[in-house]
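Let me begin by handing over the structure; questions about it come next.
The chains carry the letters A, B, C, D, E and F, assigned in the order they are written, with residues numbered from 1 in each.
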Amino acid sequence: MGVAAEKEKPKLIDEKGLRVDGRRPDELRPIDMEVGVLKNADGSALVKYGNTWVLAAVYGPREAVPKHMTLPDRAVLRCRYRMLSFSTHERKSPAPSRREIELSKVIREALEPAVLTELYPRTTIDIFIEVLNAHGGTRTAGVTAAALALADAGIPMRDLVAGVAVGKVDGIIVLDINENEDMYGEADMPVAAMPGLGRITLLQLNGVLTPEEFRVALKLALQGIKRIYDMQKEVLRHKYAVVEE
Amino acid sequence: MGVAAEKEKPKLIDEKGLRVDGRRPDELRPIDMEVGVLKNADGSALVKYGNTWVLAAVYGPREAVPKHMTLPDRAVLRCRYRMLSFSTHERKSPAPSRREIELSKVIREALEPAVLTELYPRTTIDIFIEVLNAHGGTRTAGVTAAALALADAGIPMRDLVAGVAVGKVDGIIVLDINENEDMYGEADMPVAAMPGLGRITLLQLNGVLTPEEFRVALKLALQGIKRIYDMQKEVLRHKYAVVEE
Amino acid sequence: MGVAAEKEKPKLIDEKGLRVDGRRPDELRPIDMEVGVLKNADGSALVKYGNTWVLAAVYGPREAVPKHMTLPDRAVLRCRYRMLSFSTHERKSPAPSRREIELSKVIREALEPAVLTELYPRTTIDIFIEVLNAHGGTRTAGVTAAALALADAGIPMRDLVAGVAVGKVDGIIVLDINENEDMYGEADMPVAAMPGLGRITLLQLNGVLTPEEFRVALKLALQGIKRIYDMQKEVLRHKYAVVEE
Amino acid sequence: MSVTPELPIIPKLKANAILNLLARGQRIDKRRLDEYREITIKTGYVPNAEGSAYVKLGNTQVLAGVKLEVGQPYADAPNEGVLIVNAEFIPAASPSFEPGPPDENAIELARIIDRSLREPRVIETNKLAIIPGKKVWIIWLDIYVLDHDGNLIDACMLASMTALMSTRIPAIDVNKETGEVTIKREETQGLLPISRLVTTVSVYKIGNYLVVDPNQEEEALSSARLSITVTEEGLIAGLQKAGLDHLTETEIEKAIELALNNAPKLITAIREAAKDIRAKEGINSEGG
Amino acid sequence: MSVTPELPIIPKLKANAILNLLARGQRIDKRRLDEYREITIKTGYVPNAEGSAYVKLGNTQVLAGVKLEVGQPYADAPNEGVLIVNAEFIPAASPSFEPGPPDENAIELARIIDRSLREPRVIETNKLAIIPGKKVWIIWLDIYVLDHDGNLIDACMLASMTALMSTRIPAIDVNKETGEVTIKREETQGLLPISRLVTTVSVYKIGNYLVVDPNQEEEALSSARLSITVTEEGLIAGLQKAGLDHLTETEIEKAIELALNNAPKLITAIREAAKDIRAKEGINSEGG
Amino acid sequence: MSVTPELPIIPKLKANAILNLLARGQRIDKRRLDEYREITIKTGYVPNAEGSAYVKLGNTQVLAGVKLEVGQPYADAPNEGVLIVNAEFIPAASPSFEPGPPDENAIELARIIDRSLREPRVIETNKLAIIPGKKVWIIWLDIYVLDHDGNLIDACMLASMTALMSTRIPAIDVNKETGEVTIKREETQGLLPISRLVTTVSVYKIGNYLVVDPNQEEEALSSARLSITVTEEGLIAGLQKAGLDHLTETEIEKAIELALNNAPKLITAIREAAKDIRAKEGINSEGG
């Protein structure tokens, strides 16, 4: 959005109502999920939304080194979101950007309502989210991956959390926007939720919507989240089944 | 002083012997003081010397977080002087400059002789000085404001501390120099003292003076400090009286 | 080596087989050593290999301030190698470079095998190496100086450690390469060892050698190290003798 | 690393009092749940800034200032001015603020305000090129929290919007040969061009209640926050959920309603505060 | 400050088992002392990188990526491209890795790989000037350790060499008047010119035994390491001793032998992995 | 944050001995109260520096070096060279010095020396433009404390002034077309132009006594310090009070007197040390 919209904005919805990558407005990108991809981490997951690839790793609950950083009544979540330097078009400097600092907080707060931290007082649960390739929706794919990694680590949760970004492009509300739609569209709205409980845990909007457009966008996001959530459960069920055998 | 003096130096003393802002050589700028301007701080003060505006806040005596930074026989003073980024003509980067680090030390050492730190062993007294607008004399206005904030916090002192800068401009020794006099003058000498006890606690000189000029300048500074000190007492007395009612 | 070799490479070996500074291939630069050059440090040494001058200081064994950085079964070595800002042709920024961080590790690991750290559990031995002037071979001169400083501090060692760099210039393997030979030569190989025990504690190679050239170079380095080691012992013997008197 | 914060401790009795009142639709300071505290806005507060505003919202005090410098445009927008927003929670403002670089809360706040200004194109940056493609105005918006008694985002947004409304662009000399630009800060060439006004309304969830503009104690009891940016036309121009707890779809709907209802009053307060300065420069303060 | 590290604790029984097996010329995972674990290399792993490679060496996983930017050459090599190597041990990869800037181990690893590429002139940087003396290609090689199960240097070297082999140079537009260069990343002008392949073989001393490619437990028991860079022609192009203990001259000789014997297999693995990409661009992957 | 320092502990007996002697006008090392320790100054100490000086003042050892680089002038002084002063208290110099960036004491020292050189225009920076308005000499003066036995400011000022007196300006090549400047450090074009010599005299208050040039133990007992910069003409060119205690007007008067009396000896020591270098370049060392 914003500045780039001024110049050479490509057509984002064609005459058939399809998007730059051929999707319908309410269609997700091809989504792929894998859990247990790392040996050392207590839990891990690799999640792909099209060309957006995110790796999440979880360590914990574990003892925190500076004792005074723990809480007496529950576990502390520590969360770091960052992009590998070659995950973007222009190389990203490895120094943490203000954007990465903000998103680490936003993602932590998307996961906090789900984790039963009260079961592990005086411990720390570390969540590391690494964007391997960025093509729009990295924070929401990160939430989806982190929730899988938490489950893979055996950390009790109220429900899984899944996320997706909706947007407004060429006046149309669309699901799971990709990088081009993010750059040239009118609005980008990342959402995450615990679908089983109807609880929204992440909500941001960059761009301008009418109140009515907002309502439509939120509904569409929750529908997409439900579908991603079903895939998460399937992946975990499959892994669990394999272990059972 | 220095470099800028080479080019386009304006006349700093006119034919009537008056300064760029119309003051006589021994005249202070209009001075305004207010205490208790912040709700959260234990003590606070806003001090204005003309267009130089400084806010000071004091917290303490309070427990220090890293225990090993306290002293067994008295309170530790911690002092930070800094300029808001829009307080200067060119925007000041928020990263602490070497000048700000030096002045934090100089101001702390101007206040140390006054505070009865021995009454509060193993605690910390924090002094935060923020320059809201800079027009010459920020460090001395900072000392004056910090002393008021310490008094407002109820911290016992041997005496109040007040400060003012004197200078040499167009060959004349003048009181309370402003930014233009500082920039184009020949010398700038900030002084702070406990006037009731005749103790000088801050003395710096940037520029060149003969020994005789120095003596004259020091006397003038001490006279100005006495007047500022009387205003400090008046402001505190007024606040105290109001509380009494 | 490398890039600079492309342009204006000077002749490094003349028709008589002598090097740019007139040395034979197997000749060391004039070497000078002095111990106990600092009053405050527990041990210190100043070592010169030609125009490469290195100062080393040792403090310890001493109590470490953050307790958790000690080891229960032996002393921790802490080592910092750095170049003064005016020690090089272009001014070196005082911020630690990646090269300095790597060499601090390489030098520490050259000294670790020699120090009887097991005698001083839960303590720290600090080694500070300052390059006063750099003209090739600063890391190996640093190892030589640090070993002397450790001995001067009275810290028990299995053997002294001495170091020297060999190199390949104009196709010839030479001892104790200087800055020009390092810059325009084909290979630079710093080596350090405990000669009395036949133990090699530092080995690096920047550049390309055949396996046979490598063997020749290593032998030459060990010969040079032996000669430097004899000087180390002489300097310590002399100091000890003086103390005895 | 973002880390679960330690929540400030509110004495049990006080906490119960606040919650019991909320159940009856009341606040400890007698306000309604959807009511802001008294707002004081002073423009032109800092003489050396090109624009500035001091805001007192209850006992929360913040200061926003604007400095203009000449710099290079971004490669992908060569003819547009550049906005850079920073926020700092100075340690004077609360016993819980530490000296040092901005933490995640200050960074989040600055980025919310940045997006709230950028997305609805509040500043007409396309009018801020000096030498197209080479030199443009850089707008440094710096925000300082001086005293923290809750609802910092709204207070800082009010101060930021007002500071921008009252920003004067200094006169410049352009050296035609070298392309060097000299700023003459003693003269002005007019006001910063503003296309529309925006504000934020932050809605806090305390227990099961939604309130606006909490003081520090209420904020400490809140479990989630939704900051909603609203334009003068009533469009939604930004959202940010924060806090350890979730929101339901119904709560979000209700929060949006609270925002749309409160925004006009806040936008009026900004407009009033900037009126004199904009009138003086012959520009009407009704936005663009 | 470089500080003596705290060694990871290997249970006594496990340690004894490993040492007893070594005495019989065996490893806990049935390998010979001079045998590498299974190597998987995937090229072109990261779509947004100009070149990339994922390497799995046993359970060690690393990812190397190459980004090309346009920048200024060094003053002393005005017509050469510039290589910059960074490595990061991400905290996901091991419970012992901390978030934050690279520590001395990551810096040492990056510098070993940098020198291993630079000294034998692996990249033909002299072909990477765009406007001689003014604009050249900057080659950013960034290496991430994703999962640490020992022998990071060799795994990272394999990934780095393969990533470079598979790097495509984007097309560019040069503005003749201003000298400004625009990168068009969607098009390519060919592969990064590579003159020769190199690899490292890191030999670890455990007790009195020398082994290659240890897993994390073996590595924790090792007292010294010698990393040896070998070119495809069998030249030694770099050495780095590390660890708390020494090596004897004999041990060094033996380590060199192990390196020369193992290098060809590793170089073949790189060549194989990059074959398809280099074939597609019409360049044979046999090096230069 | 500037924090009250923990004072070094001097054994009670030693402290009493020092104070009792002072009462009788004596020092533990037999000096008078107004007497400096032996001063050794070596010029041209560091071959790679353009100028350098090693100073030993009693057991205090410091090293100052000057590097010249070509850079841009400040916008407000386009035809003047630029002086940048840094000081570092290396951890080798005292058990109380920590590795890391300069602390407030090192920064204060560097800034005192910077002002002492800048205010009386010691360096004729107006002669140091290369291409007016574009390229000037940048004078990097770096000061290292090697061994700390008290009175660092005066030792560092002596080293700095002497290093500048002995600084040779390298030859340069200016490319007329591009305006690029190449430094040829192997040749020299003359000495750095110096207009006058300055020194500092730091007066320390111990109990009720004023002394100059304390060793570390005396310094640890002192409660305040006044550093006075004096020019060769006997003018006061800088003052800096430090320490936890105050000074009275009378004490300040007396300190000034001590400074004016001691300065000529120190300035002579600098002049003597730099004599040979300045004579060799055909410039008389009597200042300007």
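As a working rule, contacts are C-beta pairs under 8 Å (C-beta built on N, C-alpha and C of every residue); 3 or more make two chains touch, one makes a residue touch a chain.
What you are looking at is a predicted structure, and each value in this text was computed from that prediction instead of being measured.
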item: Co-neighbours of chain F and chain B - touch as defined; value: none
item: Touching both chain B and chain D (chains); value: none
item: Farthest chain (mean CA position) relative to chain A; value: F
item: Reference chain C; chain at largest CA-centroid distance; value: D
item: Between chain C and chain F, centroid-to-centroid distance (C-alpha), Å; value: 31
item: Inter-centroid spacing, chain D versus chain A (mean Cα positions, whole Å); value: 27
item: Whole-Å separation of chain centres (CA-atom averages), chain D against chain E; value: 48
item: Residue numbers of chain B (touch at least two other chains); value: 80, 126
item: Multi-chain contact sites of chain E, meaning residues that touch two or more partners; value: 1, 99
item: Cyclic ordering of chains (reference chain A, direction chain D); value: A, D, B, F, C, E
item: Residue ranges of chain D in contact with chain A within the complex; value: 1-4, 6, 74, 76-77, 80, 104-105, 107-108, 110-111, 115, 118-121, 125-126, 226, 229, 231, 234-249, 252-253, 256, 260
item: Complex contact set, residues of chain D against chain B; value: 46-50, 52, 59, 61, 63, 65-67, 69, 86, 88, 90-95, 99, 101, 140, 142, 144, 146-149, 185
item: Chain B residues touching chain D - in the complex, by the definition given at the top; value: 38-41, 44, 51, 53, 55, 57, 59, 62, 80, 84-91, 94-95, 126, 128, 130, 132-135
item: In the complex, chain A residues that touch chain D; value: 1-4, 6-7, 69, 71, 74-80, 98-99, 101-102, 104-109, 112-113, 117, 126, 187, 189, 193-194, 197-211, 214-215, 218, 222
